[in-house]
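The first chain written gets the first letter, and so on, giving A, B, C and D; residue counts start at 1 in each chain.
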Amino acid sequence: MREVTITDRLSSISEQLPYLLPEGLVAITLLAVVLANVILKGKDHRVYGWITLVGLLIAIGYLCFFSLTPPSSTLFFGLIQWDQHSQYVKVIALLGTILTTLWSLSASNEKFRSKGEYYVLVLGLLLGAMFLGASSHLLMVYLALETLSLSGYLATHLKEDKRSAESSMKYLLFGAVSSGVLLYSLSWVYGVTGTLNPLSPTFWSQLNGLPLLAQIVLGLGVTFAIAFKISAAPAHLWAPDVYETAPLPLVAFFSVVPKIAAATLLLRLGLVVSPETAPGLNSYWGTLWPAIIVATLLVGNLAALLQGKAMRLMTYSSIAHSGFLLLAALAAPWASVDAFRIYGLVYLIMNFAAFGLIQQLHQHTGTDRISQWKGWGQQLPYPAILLLVVMIALVGLPPTAGFIAKLITLSAVFDVYSHTESVWMAWAGGIGLFSTVVALFYYLKIPYFLFFKKNEIFATNHSRISYREVLVSVLTLLLLIGFFRSDLMLEALNRLF
Amino acid sequence: MVPTSHVLFLGAALFCLGLAIILTKKNTIVVLMGVELMLNAANLNFIAFARMHESLEGQIMSLFVIVLAAAEAAVGLALVLRVYQYFKTADIDRINSVRE
Amino acid sequence: MEDKLLSYLIFIPLIAAALVVFLPSKQAQFARWVALVATSLNLWLGAGLYFLFQGAEDTDGLALFEKQAWFTLDLGGLGQWSADYFVGVDGISITMVLLSVLIMWVGVIASWKVQTKTRGYFALYLLLTSSVLGSFLALDLLLFYLFFEFMLLPMYFLIGIWGGKRREYASIKFFLYTLVGSLFILAVIIGLYASTYHPEATGEYVGVERTTDDALSYARSVQEDVETGMIAQDQLVRKLDLTQLPDPRNTLVDSVLSITNHAHWLGWSLRGLAFLLLLIGFGIKLPMVPLHTWLPDAHVEASTPISVVLAGVLLKIGGYGLLRIAYPIFPDAAVSFSTWVAGFGVLSIVYGAYTALAQTDLKKLIAYSSVSHMGFVLLGIAALNTEGVSGAIYQMFSHGFISPLLFLLAGVLYDRTHNRNIADYRGLGQVMPKYTAVIGVAFFASLGLPGFSGFIAELFVLIGAFSSEFVPTWMPFVALLGIVLGAGYYLWTLQRMFFGPLQLRQSSWRESLTDLTPREYLLTLPLVIAALLFGLFPQWVLNLTNGGVSRLIEGVTNNQALLQLLENL
Amino acid sequence: MALSVLGVAAVLFRKRPGRAKVETSPGILARLSYQALFLDLFYQKTVVPFSVQVGKATNWLDSRAWDGLVHLLSKGQVVGAQLVQFADRYLVDGLVNGVAKLAKRVGHWLSTPRSGQIQTYLIRALAVTVLVLAILILW
């Protein structure tokens, strides 16, 4: 075997760099924002947002239309994988960031939106998510997770007030413990297998040699880390605090992009774990993950039942949706990757639409306590009806894309169950199905107060259709189109990758 | 030469110590130190295993961990400072304004 | 015109709903005119459908149908998922469609006086009309489910905004209950997607050559290819065509819902379980005791026209779904569960009647009498013979006239005094003789007096139940008790409220208690006449349904035999 | 069952205030009896008293024993109906409402861990993980 010299490595790196152009573009945008910040001496300025938007649009345009296909699917000595899943995460993450940016740019008097740091952190989060979805090496997983987390901790404090400082510090501590546990268990994985690359053949054969118990314990770090990022039970406890104090556009971002990236990581692991490779780890897929999903669905849905504030309700409901996302990711390797993809895309659309509309109502009514929204449906019929459609989508009822997403996900779960006959999987699917009833109950609370209750005193100044209203209208329309022409949605997804 | 197992024991001890500190100590800065202990326990393990396997991967990993641990500590300390400005205390139990 | 007639039925109300929404707020009072025009058009189309139907019955039993590709999803491991916009009428659905167009028209007139949020009301009402017709016409299970679910939302708002005092509780209860039911149905839909395929679509997708024009033999050849493994699993096109699903050959061997799958869950075979889920799902809608408690609340709180629509049309979707979906697709389970279905039917009859006897609220009494009457539908379906099933359809049809009539009449009284308490009135016959006459006739029609349509229906159901091998003989006897009790609560109510000297709880009501107005005559008399006509000339309805019913029973028996054969192989 | 029919009918009839008057029109029978006066007298002396006695007896039987039984039965039906209605409201519907209440209770219990104390969060999360792990191993 010929000795691999450093020049060989460098040249192969430089050959493979073009395949990372989307990430590169995002990084360049990040630097551009930093530079602009320096030039403008840190003044508050809209231009940071526009730079970000332009950079992101170029990146997504490149990704969708010109993206190069590399000769092999793994790049940089197995650190990064280039395949349909990584492409998917990149597109979703970019879409989410674009929506966040558009939302932040829209007229608002909140200060942080015109700050350079804000966009730098958003772009940092985006980079972390893009790499997390593409990483096939555990080192890369760690790096991407940390990029995501560090940006996240700082972004939580962007409002610069007492409460956000506190919750971002707690977020950091929770995250630090999760990454500590992850690293420690990774170190043992490395010790046992001699490599951190799950794609290398020795990795699984070595793991397979271990007793079952040891296999299970070794998987724990990764499991906890994914659960933390996706805010699945029992590692969901940080989420309500952070969501409550972080800036709103970022909450929408938090509740979608890192989750989909982390779920993709689970999907990726599911693709390489099979009963033959590691029976002990396989019990993760047959038992532990379904159990986590059951717990997440129950916690998210039942806790959302009691929330009186719209944002808080969305927090818990997004925990419930994490359960669904995990379900789709878990079933994907066996049944259909499309289920996961459709669910992710639809979830992105409906979540952003919901957060946007809730903020709209918040601004008009001056409160996000749902019971204070009495009778506003009469006053603001347009956003209220849009919100109704979005809520129906979040419950997963026709005629919205939320129904198709739920239907396909549950079918995938059903398919897995019928092949593996894992009882936990059946429970996860069944609870997923019937959590819809609970979900309906709390989601309908909002239209219930908007339309059913009456309120006499109104102070409205709603005259022209705002920019954000157009945005959420488009998103809502997409939800409807996604139902009536779900084939177009799938085709669009498939054409990209 | 120190056998690998000794290093691993040290690593395990450090990890447990770090976790214990995080879970019990009240001073936020001490808790952050506990985090560092956990990360360094993993580092020790990586280095020991790298020597055992005679591969570089573990060492690279530990280098990255050191870098990121530093970044995390920087962010953490900055946030603690901020929190201190607002709350005038570093006692983790008294920093408690976001709750149900 | 003819080939698009069914689509017109669905889309005219939909377009009208859109029109209503975009009416300028100053012209809001035109909303009711738009609704009236739309439902009148539908009524006219329904009449056209009636005449067209008599002439034409296709070989599939579909007098009219329309089919258009909706979507196909290539889902990798899950195969091709497809759904059509497939609507059609046959003997099972024709009566329901005719009933719907009539009742929805009546409903518009009954809601003429709605003053608050008129545009919203009529838009939702028209959406409801569209989805009701859609669910009776859909022949693709996914399309059916779309309409079935979509019914909930307008209904939720119609009860919740324009209802009575406890409207919020009632509307949420209605929504949650029915949603639970539809989730059960959804579970079966998922199971069916996983276990069945559509032979014709599969053949076209894979490219099996058509040797004949005969669709059936083409389907057979594709089925053979699938059985021999010529067509791989991931090339199958899965489409829930309700005309194809009953064929046991379209179920994949050893799939979850195949007859040869002997997996059990809590002692039930998976097919049995699927049937049970459908029974619960449609049973909630029907409603079947003990899944009925949403109904009295919804009826009491809903405004009169909404009660009319709910009792007149919406409940029928439960019975219709059993006949259209549960029985044909799972004939084996249907046969083995039939005794239970009949038992629940009888339970509903007696339980509903008993509870009605104890009611103090006139509307609640009528609501519980609906529970009792819909029990006959279950009993008739469970009998699984021509008499029983015809009787069940007849009962749905007849109840579709009579219960709206009763709700309208209860509404008349409520309009006058805003009180429906039976005990608060006495001797109403003195001040409202015409009203008393009409409500007396309505009560007699509802209790199944010979000469009214209810009698024919109940007679058929009972004959069917007595002669059925699936229904123990004691059950129709107990059902007779239900009829007797029905006579009891109606006559008792008549005697308590309308006869004797006039006594009112508040003397101020005396002035407001005026007799029927022309508009109220217009609403009630056609229904009275319909109840009478269909009681005297049952052949008008039976001629429409006979073909469909006998085909249904034939299909169920044949497929059940075939399934038995497959199981024993 | 037939008894209950009678019962219901009887209750209704008894409570109905304006009883229908039975009118006997003077027809052929009347005229015949007018002509056969002696027969009438005969009957009056012999059959009638006996018949009246029997009639009284059956009347007593009818109004007290049979009707009483029938009334009892029909009242029983009404009482039964009240009982069924009670069951309907509190058992069948109560079950449904109970499930809703239970869900809320559980939801409350699940969202109270938000004490705001990060160490409690961590301990909970880790404890649940260890617990699940233990269950998984012992499974």
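Going forward, a contact is a pair of C-beta atoms (placed from the backbone, for glycine too) under 8 Å apart; a residue touches a chain by one contact, two chains touch by 3 or more.
On a predicted model such as this, the values are computed, not experimentally measured, just so you know.
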item	value
Contact pairs, highest-scoring chain pair	A-B
Inter-centroid spacing, chain C versus chain A (mean Cα positions, whole Å)	42
Centroid distance [mean C-alpha coordinates] between chain B and chain A, Å	27
Inter-centroid spacing, chain D versus chain B (mean Cα positions, whole Å)	73
Averaged-CA centre spacing for the pair chain C and chain B, given as whole angstrom	65
Sites on chain A at which at least two other chains make contact	170, 173, 177, 241, 441
Residues of chain C whose C-beta touches two or more other chains	176
Interface hub residues of chain B, defined as touching at least two other chains	22, 96-99
Chain-level touch network, classified as line, ring, star, complete or other	other
Pairwise chain contacts, counting only pairs that touch as defined	A-B, A-C, A-D, B-D, C-D
Of all residues in chain A, those that touch chain D in their complex	170, 173-174, 177, 213, 216-217, 220, 224, 233-235, 237-238, 240-241, 283, 287-288, 291-292, 298-299, 301-307, 316, 438, 441
Interfacial residue positions of chain D with respect to chain A in the complex	100, 103-104, 106-108, 110-111, 113-114, 116, 118, 121-122, 124-125, 128-129, 132-133, 136-137, 139
Contact footprint of chain D on chain C as seen in their complex	173, 176-177, 289-290, 292-293, 351, 354-359, 477, 480-481, 484-485, 487-488, 491-492, 495, 499-501
Chain B - residues contacting chain A, complex	8, 11, 15, 18-19, 22, 28, 31-32, 35, 38-39, 41-43, 45-46, 48-50, 52-53, 55, 57-58, 60-61, 64-65, 68, 71-72, 75-76, 79-80, 82-83, 85-87, 95-99
Chain A to chain B touching residues, read off their complex	139, 142-143, 146, 150, 153-154, 157, 161-163, 165-170, 172-173, 176-177, 179-181, 183-184, 186-188, 190-191, 194-196, 241, 244-245
